[in-house]
Structures are given as structure tokens and as C-alpha cells.
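Going by the order they are written in, the chains are A, B, C, D and E; count residues from 1 in each one.
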Amino acid sequence: MNLQSEIPLDYMIVLSTIVFFVGLLGVIIRRNLISMLMGVELMLNAVNINFVAFNHYLFPHRLEGHFFALIVMAIAAAEAAIAIALIINIYRQFATVNVDDVDELKY
Amino acid sequence: MNWSVISSMRLEVLLTIMVLYQLIADLSEKESKRSVINFTIFFFAVITITGWLPSTNANLFGSMYIQDELRVLLKNILNVSTLIVLLQSTGWLNKSGNQSKTGAFYLLIFSTLMGMYFMISAGDFLMLYLGLELATLPLTILAAFDKGIRRSAEAGIKLLMSSAVSSAVLLFGLSLMYGVYGTLHFSEMALLTDVSTVSILALIFFIAGLGFKLSLVPFHLWTADVYEGAPLPITSYFSVVSKGAALFTLMLVLYRIFGHQSKEWTLTAYFLAISSMVIGNLFALRQKNLKRFMAFSSITQAGFMMLGFVNSGALGMTTVIYFMLIYSLSNLAVFGVLSIAVNATGKENMDDFKGFYSTNPRLSLILLLALFSLAGIPPVAGFFGKFFLFTAAASKGMYVLVFIAVINATVSLYYYLLVVKAMFIDKQDKPIPYLSTSWYEKAAFSICFSGIMMIGFISAIYNYVMKVVG
Amino acid sequence: MNPLLLLLLIPLLTVIGIALAKGTKQVRLISAIGMSAQLLFAFVLLFLFYKERNTGNAEDMLFVSSTMWYESFNIQLKFGVDGISVSMILLTAIVTFAGIFASWQVESLSKEFFISLVILATGVFGFFISLDLFTMFLFYEMAVIPMYLLIGIWGSGPKEYSAMKLTLMLMGGSALLLVGLLGIYMNSAPDGGQLTFDLTEIAKVHIPLAAQLFFFPFTFIGFGILGALFPFHTWSPDGHASAPTAVSMLHAGVLMKLGGYGCFRVAMYLLPEAAHELAWIFIILTSISVVYGAFGAIWQKDLKYINAYSSVSHCGLVLFALLMMNETATTGAILQMISHGLMTALFFALIGMIYGRTHTRMINEMGGLMKVIPFLSVVYVIAGLASLGLPGLSGFVAEMTIFVGSFQHSDTFHRVATIVACSSIVITAVYILRVVGTLLLGPITNNHYLELKDAQWFEKLSTVTLVSAIAIIGLTPFWLSDLIREPLAHMIQNLTNL
Amino acid sequence: MDYSYTLLILLLPFLLFLFIGLVGNKMKPQLSGVLGTTGLLVITVLSYFTAFNYFTNRTGEAFKATEAFQFLWLQFTDKLIIHLGILLDPLSVMMLVVITTVSLMVHIYSMGYMKGEVGFARYYAFLSLFTFSMLGLVLATNIFQMYIFWELVGVSSYLLIGFYYERPSAVAAAKKAFIVTRFADLGFLIGILILSFYTNTFDFNLLTSVEGPAIAQPTTAVFMGLSVTTWAMLLIFMGGAGKSAMFPLHIWLPDAMEGPTPVSALIHAATMVVAGVYLVARLFPIYHFTSSDSLDVIMYVGSFTSLFAAVIACTQLDIKRVLAFSTLSQIGYMMVALGVSGYGTEGLGYMASLFHLFTHAFFKALLFLGAGSVIHAVHSNLMTEMGGLKKYMPITHITFLIACLTIAGIPPLSGFFSKDEILVAAFEHNKIVFAVQYLVAGLTAFYMFRLYFNIFWNNSREYHHTPHESPASMTIPLILLAVASIFSGFVPFHDLVTTDGLPLQTEFHAMIAVPSVAIAVVGIIFSAMLYFRKNSKPESIANSLSGIYTFVYHKFYIDEVYLFITHNIIFQFISRPVSWFDRHIVDGTMNLIGNTTVFFSGAIKRMQSGHVQWYIWYFTSGALLLVLLILYLN
Amino acid sequence: MTGPKIIFYILAASIVVFSILSVTSRRILRAAIFLLFVLVAMAGLYYMLNFQFLAAVQLILYAGGIVVLIIFSILLTSQINSKLDRPKMSHLIAGVVTAVGGIVLAAITILQYTFHPTTESPIGTDMRTIGIQLLDTQVTGYALPFEVISILLLAALVGSIFIARKHNT
């Protein structure tokens, strides 16, 4: 099916923008490292919406956006994996995943 | 896949082989770590040399991979820096606790280097982004490489979190670019010349993303903590190679693709330059830990590099590359001395270096020259680098900026001199004892030293860079 | 090969020699030999210069040799000398020579000490012979930076503070200077064509007035800071007070001259209209610093502070005369540079020697030294008389040339300023005689001064060298003032008819 | 006639100075003394020879000024050039004779007087230096050469006053002398600058010739009612006044008596202090033709000084100080004479002034040397510790008496003639001044004989070791000088030294001469009444007008005023604040810059809080801010 | 009001709501679940935009992979029913300001720009074309990224293992 006729592109963009910054909000306010990670994932997904939407609406003659989204997903996965590892590492060292307690390096 | 492809992609290929070799060597128990180190360094030296061999320009994988003289030069600069880092890291790797890390260390290092290669010779933003992530994610691991040390773990997580956000922002910018230009291939984007608010927004988000790796104010805050927390070889790798790659990438993209938006990004560079120089200096003034100190110094230097960007012409590009070359060698010399001292004694505070000259005259002389080079004192190379950067900025009539820059240079001289003071003037009853340097470290120093002393006087080097930039 | 390059080669060889030397004795010996060779060559250069002139070579600059260095910026390694530079080179050679012997007794880290001393000298020589703004600037900073280590390591008192202050203020000056130079460079080809750093080339073109007005303050103040221009002179008292003997000698004797020389050679020569427009500001500043420095010196108790302030006063006179922009006054300025260089070097040498004996620099703690160390005291008196402008010594010649020259200015403002500046000679007399009276004459205040030994051979050598130079200039000034005047003729013309 | 040999007159003392100064302390003290003296003997002979030649073969009517010799020393502009040379004209030749004579006497005298002093060689070196510079001064061909030697004279005087450098009072006196004269020289220098700026030459011949630039085209520029030339000439006179210790710059001279007595005789009586007179005489044409106002100033200053000094001299107890003040008053006479003089046939005052300079040199030197020999015998300067010495030291007594009579102006001694001429000139020009000088003549006689009686008569006291006549080396100069001061009055001065070189007709004015002699005699008798025998009259007089007496005794407290000015004004109120300002304001700002930087670096350290979330926040908001800046704010 | 529209609005609404919930809810496990919902909704969105393959990958990789990882690590590091402490006020204000400001700025900037679509004819998004392009080395081929990402994954793998395993070895 084809959304072009039904839904203007702007909706998509606004949607992605909102999600992006909501994710950012999560990163900034959530003091648990894991929920920060979730915020990051949200941001990446927001970007994906953009790519996919542009690809579908404006430039369907190529699949650039599509593949970009694909790559981003892969990288997001890798990132998540590393993040989890590091979080576990932190948890070992600090016995907590609260980011506010991880501030030995400052000034 | 014919021969010419291989020859023009030889660096990447060889590096892949290195990565695989490390994987195998790490798995096989019987091979001793020391031989791995020796072999790796030898092999990487070979890679570095092959980089200088003549290469043909190429435009591969549907122009996703571009190879030309300039990009080869940039990669070679990175190679040399990496080689020095590896040479200096031997001391750290040979320490008892770190033996087991060798394989992973090299693997990650080389994969990041590979990422930087792809950043530099990316033909479209997809490859660029991929390279960027490849150059960043393993580094987060490396930052947390000192297992069982809290600061190292903290550095890792901080780097990961902020870099994830920064790359998200960069991606957001890229997605908008895609929407505006309809493609992310450089070759096609370079043809489009319309400037719109969205494209500027996207561009700035992109600059922010790279500015993060380049640690420009206000994208710099991870720098100090990570530099301090990470193991020393990694810190020097951060401060030179990864910074350099980001700089080169930013430069290529801005000059080669967004030439038509130079008005906007020169302005951006203007602001970033001022903020980086000032903030970096103000923080560096009050540092006692030398790794952290170097972090802020590198931030300031990044600010100076932005001076070159203010000049959107070939002159700017040339001076930036030239300055980066000198900066790498000087910084690596500093970190070389630091790493020797830290490996031997674990002392990394300025006060620990009081009376260093009395015990280690050679090392302190090298440190002295390196710091002078960073401060831009003749006759060492740094003077030339800075002078030409200023010239580049001044040639656009940005005298106010130049004035701010020179004042900051003077301020930076102050804190570099603090280190000199500690080494030469101050006394303490138990200074750091005499430190022996291995052959690897000697080699590294000889490269840095000759570079610092020579580059300024041999104008051929500058001319070569200029020729390559074209 | 260009004979001037020897001026750089000899010191470099000396540095290498010192680096290879073993033990303080060898180090001393090598540096002494090197600097003597340098002095010798300086005289040879003088004669070569005369010879060249007599063969009717009427070029402004002699022994000019230029090789392109940085093609794209049009930076050349261009060297050449005229009468002024030759005389400055002579001064530098003499002072350095004396300085080496004055610091004969440096024991701790002697190798490093002499190396940095010679590097400093190299920078100065390079500065005086280079005709390219870039190399000029390079040598300028090269000469300034060793000060930090020299003062910081071998200094006395609050040495770290003073060293840092001095270095930062001078480097701040060179920061201003850098902007000025870049400005000049960027405007060096107003009607298209290749930009250039070449002094002689830039002098030919006419830099647009707006640019001149903008960059003249940068350049002039940039050099002026090193020339102890009020109110940027405060590095000088602390710096000199903390510096070891030879360093004070070289710094006050030679390095501060870079300031005056640059002010004239670069700031005023290349930006003449701006110089004319803005001269009045700096004339006011300098005539202040002439009197101000002298008054400041009256109140001081520390010998080095007294000298530092008198240097402020004398160097102020140099800049003052330069700004008068006529042949005589400028000649006087250069003469004053040389004479002040010698005098103040002599002063600092003596102060160092006295300090080495009495371990204090406070004049009110000493007295009656004439009785115990007659040689040094007599030399000190001679130096004092020179600096208060006694005929037959160099100071008189310089000051009189300045006063007469400045007074020839047709403008009343300048003449009034001259009279103000003249008044300094009385104040100078006051503080000099005060020092001589309390320090050398009168009864011996401290009994174990009676055991003090008079000058040793190297001290005698270094002081006698300077004294004889002062006396020679003072008795037969004609050749020197001629040497200086001869290039000025057309430089001034370039300055005046715009 | 070729005078180029006169170069020797300049060169010889200089070489002597260098030689004795450098190697003097190596050889036997006496030797250096002998060396100096013989050298000076040669010079004296030469200068007599010169004088003889010069005055005997005058070419035509007037004496021509001849430049014996000159070479280029330093070139300021193409016009303003310093030559070093030798100018011979009646004035300079006359001075030549005076200086060499007195200097020779002093050299001989010092052989005895300074015997056994430490730094004997140094003493002679300085003497030679002084002689050199003084000769250079009088022989100068241009005003700048004069200034050069002017300074040199000042320095050698400084060195000689401070000869006993371990005596704080001597050091202080030397310093005072130098600085006061230096201050005056500043005026001189500025005067030269102005003069040379308008006339564009230094050369005396050009300056003083009637059709020269200075006189032919007087400046029209006017400043505070006086023409610029007048200002220049006044400033130059300031220099002269400094050297000649005219009021109010006289304060250094009494203190200068700290120096060895022969030095006082040479420098502070006969030669250097009259340099001011010489200077004015040298430039007299300019003064006369272009600025008569300044001549009046000179006259009044001179007249006041002479009275002022004479009054003080009546109260002093230190015999050298009495002589010093009498010197002041005599120089005052000379200045007055110059001030009242005209040009050409009117030039009596000029001639008289120089005549008095000539004679004064001899008898004042004689007085000082005599006093020296007394001090040498008694080891004290105070006349209260002397008395009845005539039987111990006859030669000194006689010569001293002659000198006293001379200065009192008793005919036919030389002083009578010169002083008489001056009084005549003053009478013709200005009655008030004449009256003053007339009074001073009386005072002079009074205080000189007060001195004389107190030393040689009065009560003969017991000395702990009996005084004895000085050695021949000291008495011979006394005798010679006595002879000179008796007969020098008969020199046909008015034919030789005049304003325009032409001989001057002078006739004897009995109606001036007689009263002047009379008042001198009155003065002598008066002092004889008071001081011939020990009695209580002086005390009673002193007590009766004690207020004035102490006031006068303290030299009208001028020194204290100066002390106040120098210490409280210059030191406390100028240089102390200056150095404070420099340390705290100027330097303070420099430090402040540094401190503010450090303060800011401390203030923003919270930015690096260590919380990664804030880092992220800075990152994003920074990026957004940039967007805002680039997109919307420009 | 056609079907697709309705579906889109539902999806969009759920994406926004759940994403907000997932960053605000104080029970971390729930947050993870909300995140899962968001991801699934997005997969639906992709599906509607004819990117079936992408939707599938989204489901497998995110829903199947990442979220599981996250939940796993949550279980590892914190008790399930422990509430997260509520965000600091300063953080909250700063975050909200930045987020809202960002949304406004970006939205305004983007919305006032009219994108120009291409005129070329669209290309199919069936598995075949995707497969071919993914391994193609010519223009519009993605072989190189495919290779590079493998290295990235390798590095990430090694690295994570290295960090995650107990460090006594």
C-alpha cells in the first residue's frame, strides 16, 4: 500500500523529531545507565524513521535511506552490546548503575 | 576485484589481515605475547612504509570508496602516529597485568584505525558514518581497558554514552541531508549548490558530531575524563590519531562537499575556535594531573586548528594538515615521556615531575622541546605550524580572531612553562629515579624528535602538503 | 658565502662544542673561545663594511643574500646589514663577550647555562641581520624564550615569579607584534601582486593609511614592551632583580635594544604615515617614562632595581628620540642604545660581582667599598659617570645628540617634550651620586668587608672590555655616529616626505 | 704667527691625568707629585710664551681672535657641529695665564701640604684632570666644547671635594656641589639648545660677531614678555651662576671647603668659580646687543650676592668659610661690573670685571694658601682656636697681611685698582648698586681683618704642640703669589682685555677712589678695635643683636630650605609616590590580568562536573545554540 | 478517513506515547516493555512504507535482540520491583527545556522547507532487489558497508567479551 497520498511527509518528520528529542530527554533525566541506553535507542530509531520516510516519499528510485536504516540498526545492536558490557563492568566496579555515582573524574 | 583495486586499497587489506592475525594469535595459547608484539610492530611498520609507496587514484564500490593522493597522505600521517603509539605502548603491554590484553588491544586498535581509513576515504556518508562508528565503539572498550580500575571503567561508560548521543545527533543531521539532497554520495552532493535552512541545520549537526571526536568546545566534555581514566597509550591514541582522523574527515567533507556553504561553516569554525581556545586554556591552567592537563591542551590545540577552517581556501586546508602533522609528533613526544614515567612509577602529577631534569636529562629535554613546539616557540616546528595557521586566518582579514588566538597562545605558554618549571627549576628530595627506555621507545622518540626539529626548517614538507592539497 | 652567516654559524658551533664539552672548565673555555671569535668577527665585519663602502657600493644594505624558503608565503632567508645593524652587532658581540666572563663562576649546570646564553645571543644576532619579517620574528622569540630558564634556574629571589612574568609579558608583546606583522604582510601588495615579508620590498610600497593606523600600535607596542615602554615596563625591574649577572647584562644590554631597533626598523619605517599620525601619543608616553623611570630609581634600595628603573628611563629616551623622526635624533637614539647597552651591562656585571662578595644588594646595608675593593668601585664610579652623561664617556655623546636633534624639531610640542626629557639628566645625577655616595664612599659599615678580595682576572677582563668600549665611543664618537647616520639619510627621507 | 703648539697646553695635563691615574698607585707618591708639577711648569711656560706672543704682536688696531687649531669631534646636523679646538683671544689668553699660574702654585704648595696623605697620586691625577678641563673650558672655540669642559670641571671639582671620601661630610659636600651645579647646567644646556636652534651655530666667533646670526637677526619670538634670546641668555647665565655660586645657587660653595685647602684655593677661589664670569664675558656681545634685560638681572644678582655674602662672612668662625664667602662677594663684584658694562668705549665694566678676576685670582689664592698653612700648623679650621700666630709663622703672617690689604683695596696693591674700576663703572651706570658695592667694600675690609687679627694677633694661647712655619714648598708659593698680588695691579689691562679688542681710555677718578679707600680703612680700624686684643666687645655686640646674629650665622637658613625642597618635596612627594604607583598600580594591573584569568578558570570548573548527563546536555544544547546563532541570529 | 490513515495515527500515537512513557516510567522493567512497544510500532510503520524487510529486521534485531539484552542486563543489575528514584529537578528542567526547544527549533526549520521529490521512477523493494544491491559492488551496491560492518561487529564482539568476562584471567 502507499501512504504518500494519505499522510503528508511532514507528519513523519514531526513524529521522528518528537521521538528523537524524547529519547534525548530520557538520556538526560534518567539516572539509570540502562534507561539512558534505552533513550539512545529511541534516538536512533527516530533517525531511522527519517531515513525510511524520505526514501519512501521523495526518492523511491533508490534504496539509500533503506540501507542506511539497516546499517544503523546493525550498529545500534553493536552499540547496545558494548554498552551492556560496559554497564556490567561499571556494576562490578561501583556496585551500582546509577550514573550520578560514576563521577570520580571531574574538574 | 583486479590487482589495481587491491593496490589502491592495500592499506585496508593489510590491516584486515592484521586484525585477523590478532584474532588467531589471541586464540592460540602457544604463541608468546612478546613475539606477538614484535611481529605486530614489524608488520605495522611494513604497512606504514607501504603507505608511502606510489598509489593510483581510485573510485571503487560505486564511488563509496575514494582513494587519491591527499587521502593517502592523510592516512600515512595517521599511520605514522599509530606506529609511534604502538612503539610507546610496548612498555605498557609488557607490564605484568597487561600481558593477557595484547591480542584484544591490537585487534581493537587496528579495527579503529580501519574505521578511520574508511572515514577518510569514504565516498558517501554511509561509509563515513560506518567508519566513524568503527573508529568510536572499539575505543570505548579501549578506554575501559584497565580492568579492575574504577576510573578506567568510568571513562569507558562516559565515552560510550556521550558518543552514542553525538552519533545520534550526527545521524539526525545526515538524515536531513538525505532529505534535502536526495542522496548521500559525495560525488553527487558536490554538484548540488542550493543552501537552505535545513541543510545548514544538518551541516551543523554533522559538525557537532565530528566536533565531538575532535573535542571542540562545547562538544568536548568527555575529553578530560576519558583521557584521565583511559590507559596511557589509549589516551595518546585518542589525542592524536582519533582526533586527527576526525579533523581530516571534517576537513574533506567541508572543503570538498560543502564548499558552497563555506560562509556558514567558516562562521561556525569562528565560534568553535574561540570557545575551544578560551575554555581549553582556562581549564588547562588549573590542572595538576598531566594526562588531564594534556586533554585540555589538546582541546586548545583543536581550537587553533579551527583557525585554519576559517580560511575556506586551499591555504586553510594545507595549514591545517601541516599543523596536525606537527601537533601529532609533539603530542606523541609528550605522551611518550609520560608513558615511560607512568609505567615505571605510576606517577602522573605535575608535582611528581619536580627535579625530573636532574635524574632524566634526555627525557626532560625531549619534553621541553615538545612543549615548546605545542606552545609555538621557535625554532621548533610548532612555531611554523601556528604561524601559518594565523596567516591563513589573517588572509581572510580575521585579525580579531588572530588576536584572540595569539593571546591564547601566550596563555597556553604559561601552563606549558609550568611543566618546564616543575622539571627544570623546582626541586624535591625524592625525584623520579632514572628511567631506562627500551629500543622501541627510543625509536619512537627519534621519530618525534627529528620531526619536531626538522619539519619547520624543511619547507619541502609544507610544499608537498600544498601540492597534494592542490 | 655570505659573511653574515658566520654570525649565526659561530654561536651554533659554540653550542655544539659546549654540548660535547666535559666539565665546567672545558665549557667555560669553549664558550669563551666562541664568543671571542664572534667579537673578533664583529670587528672584521666592521672593516669589511667600510671596505665595501669605500669601493663605492652605495646600496642601503650590504652583504645581502637571499634564498627562498617558503615559496608560497614568499618567506626568504634574507640577510644583510647597514651601518645601524653593524653597530648593533658590535654591541651584541662586546656585551656577550663580557657576559661570558662575568658569569665565569657559574658552577651549577654550567653547561646548560652557557648553552642557553649562547642561544640567546644567536637569536639576537639573527634578529639584527635578518631583512625578512618572518625570520626577524623567529629570531626575536628565539632570543626571548631562553630568558625563562636562565632566570628561573640560575636566578635569585622570587625567580619563578619574575621569570614567568617577564616571559609572559614579552611573549604578550610578541603576540601583539605577530598581529602587526601579519597585517603588514597582508597589505604588502596593495595593488595586487605577490605578498612579501621582505623589509626592503615592503618599504617601497605604500601601505593604505587605514591599515597603517590599525597595525602601527600593534607593532610599535609589541616591540615597545621589550623596549620597556611605559606602562609596559614592569617586567623589567623584577626580571632584572632576579636574573643572574650575565643574563641581566645581555637582557638589559642587548635584548632591550631589539625593542628600539624593531620599533624603528619595522614599525616606523614600514608604517611611516601612521607613525606621523600617532607619534604624539607615544612621545607623551616616552617622555613620561624618561622622567618617571629616573624618579622611580631615586627611591629604590636594591641596586638592581635602581638600574632597572634607570634602564626604563634611558630606553624611554631611545624611543623618544626615534619618534622625533629626524636624522640627528635618530642617530642619537641608536647611539643611546649602544651606550646604554654597554653602560647597563657594565652596571649589572659590577652589581653581580659586588653581590657575589657582600651577598646583599641593598645599598643601605653596604658602605665604604671603595676602600676594600677599589678596582670594582672605581669602575662603578666610571659607569655611574657614564650614565649621568659625563663628557668623554659614551652617555654624553648619545644624550646630547638626542637633545640637540629633538630640539631641531620645528614643532613646539616636540621641543617642550625635549626640555622635559632633558630634566632627566639632573635626576639621574641625583640617584647615581646617591648610590656612589652610600655604597662606595664613606666609612666601612661592616667589618668583615675588610676581608673582601678585589676583582679577579676574568672580572677585570669583562669590566675593562666594557669600560674601554664606553671610553672609546665617548672620546671619538665621530666614526660611530657617521656609521649610523649614513643609512639613516634616506630612511628618514622615506619617513618624512610622504 | 703659528699657535698650533698650544695643543700641548691641552694635551699635556690630560696625558698626565691618564698616566698618573692609571699607574700612579704603582710608583712612589712623591714621583707622581713631581711629575705633575713639572708637567704643569712646562704648561705655564708655554702659556706665558703664548701670552707674550699674543699681546706683543697685535695685528693692526684690535686683537684678532685666532683659532690656533681645531678638529671635528661630532656632527649633529650639517650646521651644528662640535669642534674641539683652541681659541686664542685676549680673554682666553688672560685666563690661560691666571689658571696656569695659580695651578702651578697649588701644585708646588701641595707637595708640602699633602705630604704623606693616602692617595697622593690620586690627588695629583685629579689636579691634572682639573687643569686640563679648566684650560679646555677657557680655550673653547664653541659653546658646546665649553659645555663639555664645563661638565668635566664640575666632575673634577666633585672628585677633589670628595677627596677624603671616608669622611661623610666630604662625600655629602661633593654630592651637593655636583648636583647643584648640575641643576644649573641643565639651564645652560637648554639655553644652548634654544640659542643654537635660532642661530644654527655653536661657534663663538659667529655668535659674538656683531653681524653674526645671534645679534644681526635677533629673534622676534616672545615668551612671557621676554624675547626668546633673552630667555636663552638667562638660562645660560643660570649655568654661569651655578658654577660661580651666585645667589641662590651659592649653597654648595661653603660646603666645598671640605676639600683639601689647596684645592679650595685653586678651584673654589681662583679659577673654576669665576667660570661663570668668564662665560658671561665670553658671550658679552650677545648679552649687550640682544638682551639688556638679562644684563640687568646679572647686575642685581651679582650685587645682592656680594652684599649677602659679605654679611655672612662677618659672622663665620671657620676661616675657610670666611674666605669662601668673601669669594662669593668678590665674584658678585665681577658680575656687577659685567652687568653695568657697555660695549666698545662704554666697556669699562667689562674690562674692570676681568681685571678684578685677574687680580682676585692671585690674592684669593694667596689667602687660601695662607689659611692652609695656618691650618696645617694648628690642625684646626676655627679661628677661635687660633691667635697670636705671628711669632710662630712670620712668612705666612706677612703674606697673609699683604693679601688682606689687597682685598681691602688699599693702594697701591692690585686689589685697589680693579675694585676702583668696578666702582667707577657702577657709579656711572646705577647709583643704588654703586652704594651697595661701596658698603660691601667696607664690610670686606672689616671681615678680612677680623680674620687676620683673630689668627695672628689676639690672645696668644698655648698650643699642645707649638705651631711652626710651613716648609719651603709651601712658603715659596705664598711669597710668589704675594708678589703677584702686589704688582698685578700695574698690568696695563685696559689696553689688553676689552669688549672689542681695542684699547680703552680710562682715567683716574679721585672722587671715587678716595672714599673707597677711606671706607676700607674704617673697616680695618673697626675690626682692629674689636679683635686686635682679646676683649668682650664682639660677644656683647653679638648678644645685643643675637636674633639677627644667629640668623646671619646660619647663612639665612638657605641650606635648610634646600634640604626641605630636596628631601621632602622630591624624595617624599615625588619619587616615593612614583615608585609606589609603579609597584602597585602599573604592576598591579599586570598581575590583576593574570589573577582574573585564574579566577575565571576556577569559576567555570563546575562545567566539568563529572556527570555524563550534563556533558550530553552541554553537547546538545551547544549544537542547538550554534544552529540558533548561525541560522537566526545573523 | 481511510484505513491506512487510521492505522498510521494509531501507530504514531502509540510510538509517541510509549516512548514518552518509557523515558518517564519509574519501573525500569516497564520502561523496557514500553520501549519494546515503540519498536514494534515502528516495525509496523516500516511495513506500511513497503519496507517489509526492514520491518522484519526491526522486529528480529530490536524486539528480539536488543530489548532482550536490555532486560537481561536489568535483571542482572537491579531488582525488578525496585522503583527508580525520580529525576533531579535540575536535570528535569534542563532536559525538558532542551528537548522542547530542540523539537521547536528542528520542527520549525524543517517544516518551513519544501522537499523536492525525485522524478525518476520508483524501484521495487522486494527481497530480490534488496538482496542483489546488498552484495553488489557497483553503484547502488552495498557490498563494502556490508564487509565493514562485519569487522565492526567482530570488534564489538571481542571487545564486549573482553570487558564482560571476569578480569582475573
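Simple rule for what comes next: contacts are C-beta pairs under 8 Å (C-beta built on N, C-alpha and C of every residue); 3 or more make two chains touch, one makes a residue touch a chain.
Source: prediction; values computed, not measured.
Visitor: Taking touch as defined above, what minimum step count separates chain A and chain D?
Guide: The fewest touching-chain steps linking chain A to chain D number 1.
Visitor: Which chains are shared contacts of chain A and chain B?
Guide: Expected: D, E.
Visitor: Using only Cα atoms to place each chain's centre, name the chain farthest from chain B.
Guide: The most remote chain is D.
Visitor: If I average the CA coordinates per chain, which chain comes out farthest from chain C?
Guide: E
Visitor: Counting contact pairs per chain pair, which pair wins?
Guide: The largest set of C-beta contacts joins the chains A-E.
Visitor: Give me the ID of the chain with the smallest distance between its Cα centroid and the all-protein Cα centroid.
Guide: Closest chain centre to the overall C-alpha centroid: C.
Visitor: Report the inter-centroid distance (CA atoms only) between chain C and chain E in whole Å.
Guide: Chain centroid spacing, chain C to chain E, equals 71 Å.
Visitor: Report the inter-chain centroid distance for chain C and chain D in whole angstrom, where each centroid is the mean of the CA atoms.
Guide: So the centre of chain C lies 37 Å away from the centre of chain D.
Visitor: Just the number, please: Cα centre separation of chain A and chain E in whole Å.
Guide: Whole-Å distance between the two chain centres: 5.
Visitor: Taking the mean of the C-alpha atoms as each chain's centre, how many Å separate chain B from chain C?
Guide: 43
Visitor: Using the touch definition from the top, which residues of chain A touch two or more other chains?
Guide: Only 13, 20, 23-24, 27-29, 31, 36-37, 54, 58-59, 62, 64, 67, 71, 75, 78-79, 82, 85-87, 89, 99, 102-107 qualify.
Visitor: Would you please write down the residue numbers of chain B that are in contact with two or more other chains?
Guide: 126, 130, 133, 137, 140-141, 144, 147-148, 156-158, 161, 165, 176, 179, 182, 197, 201, 224-225, 286
Visitor: At which residue positions does chain D touch at least two other chains?
Guide: Correct list: 605, 608, 610, 612-614, 616-617, 620-621, 627, 631.
Visitor: Can you tell me, using the touch rule above, whether these chains form a line, ring, star, complete graph or other shape?
Guide: Basically it's none of the tidy shapes, so other.
Visitor: Just spell out which pairs of chains touch, all of them.
Guide: Here the touching chain pairs work out to A-B, A-D, A-E, B-C, B-D, B-E, C-D, D-E.
Visitor: Using the touch rule from the top, collect the residues of chain E that touch chain D in their complex.
Guide: Result: residues 91, 94-95, 98, 101-102, 105, 109 of chain E touch chain D.
Visitor: Where on chain A is chain D touching in the complex?
Guide: Touching chain D: residues 24, 27-29, 31, 36, 99-100, 102-107 of chain A.
Visitor: Along chain D, where are the residues that touch chain C in the complex?
Guide: Touch list, chain D to chain C: 72-77, 80, 144, 148-149, 151-152, 155, 162, 165-166, 168, 171-172, 175, 178-179, 182-183, 186, 189-190, 193-194, 196-197, 570-571, 574-576, 578-579, 582, 586-587, 589-590, 594.
Visitor: Would you tell me which residues of chain B are touching chain D in their complex?
Guide: Spelled out, the residues of chain B in touch with chain D are 157-158, 161-162, 165-166, 169, 197, 200-201, 204-205, 207-208, 212, 217-219, 221-222, 224-225, 264, 267-268, 271, 279, 281-283, 285-286, 411.
Visitor: Hey, which residues of chain E end up touching chain A in the complex?
Guide: So the residues of chain E in touch with chain A come to 2, 4-5, 8, 12, 15-16, 19-20, 22-23, 28, 31-32, 35, 38-39, 42, 45-46, 48-51, 54, 57-58, 61-62, 65-66, 69-70, 72-74, 76-78, 84-85, 87-88, 91-92, 94-96, 98-100, 102-103, 106-107, 110-111, 115-118, 120-123, 125, 129-130, 133-134, 140, 142, 145, 149, 152-153, 156-157, 159-161, 163-164.
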